[in-house]
Amino acid sequence: MIKVGVLGAKGKMGAQTCLAVEEADDCELVARLDQADELEELTKAGAQVVVDFTRPEVVMDNLEWCIEQGIHAVVGTTGFDESRLSTLRTWLEASPSTGVLIAPNFSIGAVLMMQFAAKAARYYESVEIIELHHPDKVDAPSGTARRTAELIAAARAEAGSGPIPDATTTSLDGARGADVEGIRVHGVRLRGLIAHQEVLFGDTGETLTIRHDSMARVSFMAGVLLGVRRISGTPGLTVGLEHFMDLD
Amino acid sequence: MIKVGVLGAKGKMGAQTCLAVEEADDCELVARLDQADELEELTKAGAQVVVDFTRPEVVMDNLEWCIEQGIHAVVGTTGFDESRLSTLRTWLEASPSTGVLIAPNFSIGAVLMMQFAAKAARYYESVEIIELHHPDKVDAPSGTARRTAELIAAARAEAGSGPIPDATTTSLDGARGADVEGIRVHGVRLRGLIAHQEVLFGDTGETLTIRHDSMARVSFMAGVLLGVRRISGTPGLTVGLEHFMDLD
Amino acid sequence: MIKVGVLGAKGKMGAQTCLAVEEADDCELVARLDQADELEELTKAGAQVVVDFTRPEVVMDNLEWCIEQGIHAVVGTTGFDESRLSTLRTWLEASPSTGVLIAPNFSIGAVLMMQFAAKAARYYESVEIIELHHPDKVDAPSGTARRTAELIAAARAEAGSGPIPDATTTSLDGARGADVEGIRVHGVRLRGLIAHQEVLFGDTGETLTIRHDSMARVSFMAGVLLGVRRISGTPGLTVGLEHFMDLD
Amino acid sequence: MIKVGVLGAKGKMGAQTCLAVEEADDCELVARLDQADELEELTKAGAQVVVDFTRPEVVMDNLEWCIEQGIHAVVGTTGFDESRLSTLRTWLEASPSTGVLIAPNFSIGAVLMMQFAAKAARYYESVEIIELHHPDKVDAPSGTARRTAELIAAARAEAGSGPIPDATTTSLDGARGADVEGIRVHGVRLRGLIAHQEVLFGDTGETLTIRHDSMARVSFMAGVLLGVRRISGTPGLTVGLEHFMDLD
């Protein structure tokens, strides 16, 4: 049994994580902490792994303390830039058997979509991305769509792919979508949708489409549990859930 | 047997029409004319219906002559504005048993998609259009997408629908597509595609999608033949193939 | 304000209906009844319309009483065969200003999909249906898929369409789906899905696809409210929500 | 420049290969042979690689001769069972610098779809396959769908996945598709389609869909050329184009 503590246990993702850990046969939820609670409860409860869904202002303090105690961490909190990652690496050098996973996306399906898209990229002359979300979303395109475009652009550059063909000369503003590193990205906002994305690849006589539909927050829990199960065997810093998946 | 003459018989659409007329059990191809030919060959051959796939510069002369002779016309040539339609109506008043069909789109599937979209429009809070074409297309969005957006906008206005919800505040240029009368339209260009369109409707808890895929010019022939079969029983001017379809 | 009573108010659909009526600007929820309650509460509360989501064993008694009182009824309860409909018609003759709507499906999107499919049917050589549901569903294909197939088969028969082409000679059992009145229907069961259906039409060089995705029970409420708003102006028996929609 | 000879040059795939080789900047078409021609023309012309799209009855003789001459071979001809592969391995041992690629499928998109499906399989509780083809196809399900199902079934077995959930108790014959090693496969036949396949994965709250659309035989040529370019650097027997793709 993996003894798990949850930080940010009253937030939406934290609460969902508590449920998921309780339901998992190989995990035991030993501590659920929120703002008012002391991190020492983790050691008292014997937590081996923490899951952190807190806020950018507190997550670094949480992680410094956990790494000192040798508690592994699976982190869904946002706000990690290169400087923060570098600090984490320094702390982890002093605690060489401890592992920390920083995961911008816990959706296994979204990770698979991005990894497959990166692998397919070199084989197709054309590629575009359509992301579709509920109309209450404030940003367009989505972070996942931008990240997918970056991965595809990098794979095309590495393979020496030429520019994507596009003969458009007459166009209404916006008709051809946004340009993210040379990849066209279209954002649809529609009542009834949650979070969806399609990556379309095309070449002479054929197309390949990879689509991910995410209908509920609960779908991230499989990724969180994958992190919890793998982190103790992966010392040091890992960025991205894809490194815990057998994709190669 | 309907005796059919084809004007513009050496063009792509004209040639395809000749083939389609020859293969139809209830039609007989009696004249195939192109630039160098005289319209009188139509009367010599006893043509009852002509199909015109010529050019905007010559189509009005063709139609004036045909209407005078009482030959019905099915017209796929572009360039008809209100002034030209008005002229046609005047000519047809003088030949009251003759029928002329001006069809901007002979694809039965595209016409169905547009008609269904117009009917569904009043029942959904959200709607967007995605059109997808080969990358050699020079305009975006496509004419069919613009026309669909106009029909949807008109149906929403008639039903008193409010504005489409969209909370986007941060956006890359173009991410939310083009705005055609308040409807967002996205144009995808991908090698391997021909001509495709998706209309997405959404409301709380459900979405409705109407998609048309056009893979070959031959798909327009069913619409041309529908026009040929119906035009003799429909005196006067008809604009749009939808009036020959039993959609109501 | 339309004064509405709900029968079966503690059931899933009934409870959802109570919420929807309360939120509607033009409706007032005046009575919520369940098994133990007396129908007389409806008259005491001045209910003009009832929505019945009860059970086949009690719905006829409910309706007989409501019709006698001149209360209009919108009915989602199942189990109406021709004999029951005939009884309803007799009762309604004695109360000529009262209206009853029996609706097998309150999903406006599903009704639109079926109506559009029936209208498109005559224009295509091929048609198949794919319905996709969660894996806890016990029947395959779904009732909506069967109903859609029946409507398409009837439209093809009326149009004199020939048999659907299929050259299959070697096949694994079940590979070509179920046969519903000559229409092939495929049932997919997948965790993560709720209730979805695609109707695919095809002819030389083109295809037309109509897809409905239903993600939540709340999506039926727009149809229930449409019924509530229209039923007082539609005396007699109406079977099917499509008769209250402006589809023609 | 790679000097290429084509065997079966008058067949559909052979003729397409001749065109593709001629258009490729790094290849030279030095011999096009069909039934009446002598294999010796290959050596006279200096062919380094042959592409074989002939027939099962002659392909083994072709390959024996080519291997003896040290000419590499890219083979799309069907009919290779374990016995034939074993014979090829023996012949290749005697010519250790020669390479032979046996490719059941030259569609890069289909290979990507199958490889991605195999990798995604372990992460999802549910999976089904829908293949869609023109109605003149005689077998159902398609060979690609069967192969995809086998790869998915093997990946699930390796990962220790349990049975796929399915509560169906009442069903029309065929509604739930064919069973290929525990995976449900549905075959749609529709005029207007060519060759298409969708693999649907589902788990709580999310689905992942991988779709390949093949519209023209020319789409296989990218795979043939990939084989031609890689085979001289890959001595011995290779079965499956995926081994020449950077998927890991």
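We call the chains A, B, C and D, going by the order they appear; numbering starts again at 1 in every chain.
Please note the rule applied: a contact is a pair of C-beta atoms (placed from the backbone, for glycine too) under 8 Å apart; a residue touches a chain by one contact, two chains touch by 3 or more.
Please read all numbers here as calculations on a predicted model, not as lab measurements.
Novice: Please report the minimal path length, in steps, between chain A and chain C on the chain touch graph.
Specialist: Contact-graph shortest path, chain A to chain C, evaluates to 1.
Novice: If you tally contacting C-beta pairs, which pair wins, B-C or C-D?
Specialist: C-D
Novice: From the C-alpha centres, identify the chain that is farthest from chain C.
Specialist: D
Novice: Return the distance between the CA-based centres of chain B and chain D, expressed in whole Å.
Specialist: 41
Novice: Using CA atom averages as chain centres, what separation in Å is found between chain C and chain D?
Specialist: 46
Novice: Counting only Cα atoms for the centres, state how far chain B is from chain C in Å.
Specialist: 34
Novice: Taking each residue of chain A in turn, which ones touch at least two of the other chains?
Specialist: As it turns out, chain A has residues touching two or more other chains at 192, 201, 203-207, 213, 215, 219.
Novice: Quick one: in the complex, what on chain A touches chain D?
Specialist: 107-109, 112-113, 116, 119-120, 122-123, 201, 203-219, 221-222, 245-248
Novice: In their shared complex, at which residues does chain D touch chain B?
Specialist: Interface residues on chain D, with respect to chain B: 192, 194, 213, 215, 219.
Novice: Which residues, counting only chain C, touch chain D once they are in their complex?
Specialist: Touching chain D: residues 124-128, 130, 132, 135-141, 164-180, 184-193, 200-207 of chain C.
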